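Two complexes, one shared chain (subunit A), two partners (subunit B, subunit C).
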Partner chain A sequence: MSRTGIVVFLVVCVLFVVSWVVKAGTGDPEGHYIRDGFLVTFAAFLTLAIMSFMYKDNPYYKFAEHLFVGVSAAYWMCLAFWSTLVGNLVPRISERLSNAFMVPHQPGEYNFFFYIPVILGILLLMRLSPKGGWISRWPLAFIVGTTAGLNFVRYLRSDFINQINSTFLPLAVDWQGFGHFFSNLSLNATGQFVAMFGNCVIFFGVLCGVIYFFFSKEHTGWFGRASRVGIWVLMITFGASFGYTVMGRISLLVGRLTFLLRDWLGIAS
Partner chain B sequence: MRREIPLAITIFVGFLLIFSVFFPPVEDLGENFSLFFDIIAVFAFFLGGGNLVRIHGKKLLKRKPDWAFSIVTLVGFFLMLAAGLFKIGNPGDISSNVTAEGSLFAIMYDNIFKPLGATMYALLAFFVASASYRAFRAKNREATILLSAAFVILLGSTPLGALLTSWMPDSLSILEIPNLAVWILSSPNLAGQRAIIIGIGLGVVSMSLRLILGVERSYLGDEGA
Partner chain C sequence: MWNGHIWGMKVHNLGVILVLLVIGSGLLWLLARALRGKEVDRRVIFAFIFVSVAAPLLITMTFTFRATPIVEAVFDKIESLPPGSHVLISYDFDPAMAPEVQPMANVLTRHALVRNHKVIFMCLFATGQGQLNVTLRDVIAADFPDKLDGIDYVNLGYKAGNEGVLNVIVSDFKKMFPTDVNTVPFDSIELLDGIKSCKDLDLVISIGGGLPGLKEWILFVGDPGGVPTAGGVAAVVAPQLYPYYPRQLLGLLGGVKGAAEYESHFRERYPQFDDMPTPAIIMMGPQTIAHIVIMSFIVIGNILYFRERRKGRRV
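Moving on, here comes the complex of A and B:
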């Protein structure tokens, strides 16, 4: 470690301890004020460590990144263990285990089938073994088969048939004749014209978007023009998705800054 | 055996699940198989954890570059694992929720996992802003449309957007930026999303068919070739 690195490390350590002491000092004297002071300081340190990546890759960022990897792997493992294994498997395969984990036993005539995923799961762990790794393809095949079988029907229903079904919208909304239509013609957000125009955009937009994705015919003539409109519709979608993603990230950033300024430094209400 | 059995399992399970949709007596087969899938997925999580320990353990033992950070990963992993599996500090008994307030698991989640995850994603705001500054140039019609849609959505979500166009009469209210943003999201954006979803749906269906019929074998690795 370079001399500058050591100085920075010492400064960080001193600041950490100072922050801990100050936070503990301002904590609830009847609560766990030393522990709470440490936790808030540590969370602030981790937040700043991640943000330090904006300057450049550094040991503090690497520390936070490695900690995140370890903690998140264990977090999902524990959740899966308690919710799926203990919550769904144990009550079906063993009364004794159900009693041990204090979950209600669910006896059933075909519960012995639930040993199949357990055996397949154990076979999956064989992937860690250098010689028996090939056998882990059996559970993998089961996963692939299940995904394919379930998705075949699910996607056909929800992503194909239902989406097409929802696209066939009335192009004349709340229609009471041309006289009524022209006398109430306006660009009011909740008006008849905007609703009709919106439905037209959805119907023709989907049609043109799908045409753009159809590559079995050359995109020339009217087909090419429709495909061009499809690109514009897709561009609006990408722009909207981008805008939405940026807004989501900025709200997270505001959340972290709020934590730093309010919960850690206490300078914002 | 290394190739035929996995292929047979995929074909059998795939066909069985499709068949169950059309045959009401075994309708709940799909639900049970989803549960089987979830149970195997738990073992996949264990496999992931085991792999993490193996990789970082090797890195640590062989003193590879940045080996010291592997200690951080392993300590974080085992501490969180112990906290979750043994429900350390959990106020209730073994049947209580693993994420119960006051438990070490919940404390680690609130003070390590949550701030790290949120900051990681928040950091992307800067990178997205920097990338868009370089990439977003209204060079042609398509890029201009993308830029305009993003601009309206971003402006429409802020008080400035409402302030700029609040003077508009009621008969032109769709041109108010927040209303325009909502309209873009609910009409042209929906149309584009739907076209993409239909494409994805068709892609998934054809891929599922390829898998079930045994045409697609890449998941078997070298054995599938």
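Moving on, here comes the complex of A and C:
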């Protein structure tokens, strides 16, 4: 380690200890103030370690990243065991096992078919065997087939038929003649004009978007113009998605900075 | 800390002006530097974003919001249900999404309870249980200490299985949730009397942003079961869910903006909660400033692009 690296390491250690002492000192004297002080300090250290990557790659970032990956992997493995195997399967196959794992047994739920996923699960682990790896393809095929079959019907109904249905909107909403339309003309979000305008945008926007992806006819003339409108619709949609993504990322940053400024440093209300 | 006056001006207002001045002059410096043809280090951009997010947090810069129809639809639905209606709130998110969606979960729970609805909590994310505990502590224990577990609300906890769970509970709740999180049998819970499946619920609300989430609730419960479905989602996935509104999705709180609109509307309607925590409204201060800065970056980038293009044509 270089001399600068050692100095930085010592400074980080000193700051960590100072923060721990200060946070523990300001904690609830009747609570676990030493533990709480450590946890807040450690969380702040990890947050800053991750953020330090924005400056450049460094050992503190690597430490935080490796710790996160390791803890996540262990956490999800334990969780999968306790929630899927113990939580979902054990109560349905054996009362004795349920008592051993201290989960409530479900009387009357016993069903021979629950042993099938047990067998498939074991077959899935055959992937670890150099010679019997091919056996794991059978449960994998079962999972893919079942998921595809289950989702096919749902997606066909909700994302295809119902979405087509939702696109065919009345272009003249609550139409009672031009006199009524112009006398009640307003930009109110719940008004007639905005509703009609919105429906027109959806209907023609979808139509033009579909035309853009229709390559069996040359994009010239009115067809080409509609295709150009389709591109604009797509670009505006992507722009809106980008704006929302920025909002989401900024929200996460706000969350982390709120923790640092309020919970750790105590300078924000 | 930020109260008081300097030169006859409120410190808070002075802080806002100072922040805007610092960021504005910084952006002008950036533009001038870029026009001179000098490279802008990416770390300068990061520093701008940091200042534009941190400064409004320190001076608590807030704005007023008006609920948009898509947010108002959720509010109106909870308002229109008769007291005692069964509202299911599913916590389909983890701590990573919490800054965005936890405010939605809290305000929706508060609204459902103030209307005396019976609230059923569940999670499709394992880590959602921890976030649900935050609501139980910050909303129910703090504002509704008289509400009883099993009578006014019930916590069914997390169940592994993603869409598989939804596929079962749309026809049989007890099959997936034989007990609540405290191992109280389904049949012994007073609140769940008469609830056999999701079809018996008056409203389903999914708070999330990942998989499974609101989309799966629409596909597996809302559409096949004809159950009124609404939700609040992280901003990243909100554009994917707008096409379901209004026929398949009752209403949607999209990102922190949606949450801020709901908090604002709720406070207007229920002045007794005027001093409730409004994290989403507070978060919109940094959001607004950060968005202005990002838009300025885009404008500066475009100015430079067209300038370079014109130079190229001349050559």
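Please note the rule applied: the second predicted complex is superposed on the first by the 258 of 269 C-alpha atoms of A that agree within 3 Å, B and C clash if a C-alpha of one lies under 4 Å from a C-alpha of the other, contacts with A are read in each partner's own complex, and residues count from 1 in each chain.
Just so we're on the same page, a contact is a pair of C-beta atoms (placed from the backbone, for glycine too) under 8 Å apart; a residue touches a chain by one contact, two chains touch by 3 or more.
Note that the structure is a prediction, hence the values are computed from the model and not measured.
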item: Contacts of A:258 with subunit B and subunit C, given as first, second, both or neither; value: second
item: Which of subunit B and subunit C A:55 touches, first, second, both or neither; value: second
item: Touching partner for A:183 - first (subunit B), second (subunit C), both, neither; value: neither
item: Partner chain(s) touched by A:269 [first = subunit B, second = subunit C, both, neither]; value: second
item: Partner chain(s) touched by A:2 [first = subunit B, second = subunit C, both, neither]; value: neither
item: Partner chain(s) touched by A:117 [first = subunit B, second = subunit C, both, neither]; value: first
item: First, second, both or neither for A:220, with subunit B first and subunit C second; value: neither
item: Contacts of A:246 with subunit B and subunit C, given as first, second, both or neither; value: both
item: Residues on subunit A lying within both footprints (that of subunit B and that of subunit C); value: 54, 79-80, 84, 88, 150-151, 155, 158-159, 163, 166, 189-190, 237, 240-241, 243-248, 250, 252-253, 255-256
item: Contacting residues of subunit A [partner subunit C, same complex]; value: 54-55, 79-80, 83-84, 87-88, 91, 104, 106, 109, 150-151, 154-155, 157-159, 162-163, 165-166, 189-190, 237, 240-241, 243-248, 250-258, 261, 267-269
item: Of subunit C, residues touching subunit A in the complex; value: 1-2, 43, 46, 49-50, 53-54, 57-58, 60, 68-69, 96, 98-100, 126, 158-161, 163-164, 167, 178-179, 183, 185, 209, 218-220, 223-224, 234-236, 238-239, 243-244, 247-248, 254-257, 283, 286-287, 290-291, 294
item: Subunit B-touching residues of subunit A, taken from the complex the two chains share; value: 39-40, 42-43, 46-47, 50-51, 53-54, 62-82, 84-85, 88-89, 100-103, 113-114, 116-118, 120-122, 124-125, 127-128, 134, 137-153, 155-156, 158-160, 163-164, 166-167, 186-191, 194, 197-198, 201-206, 208-210, 212-213, 230-250, 252-253, 255-256, 259
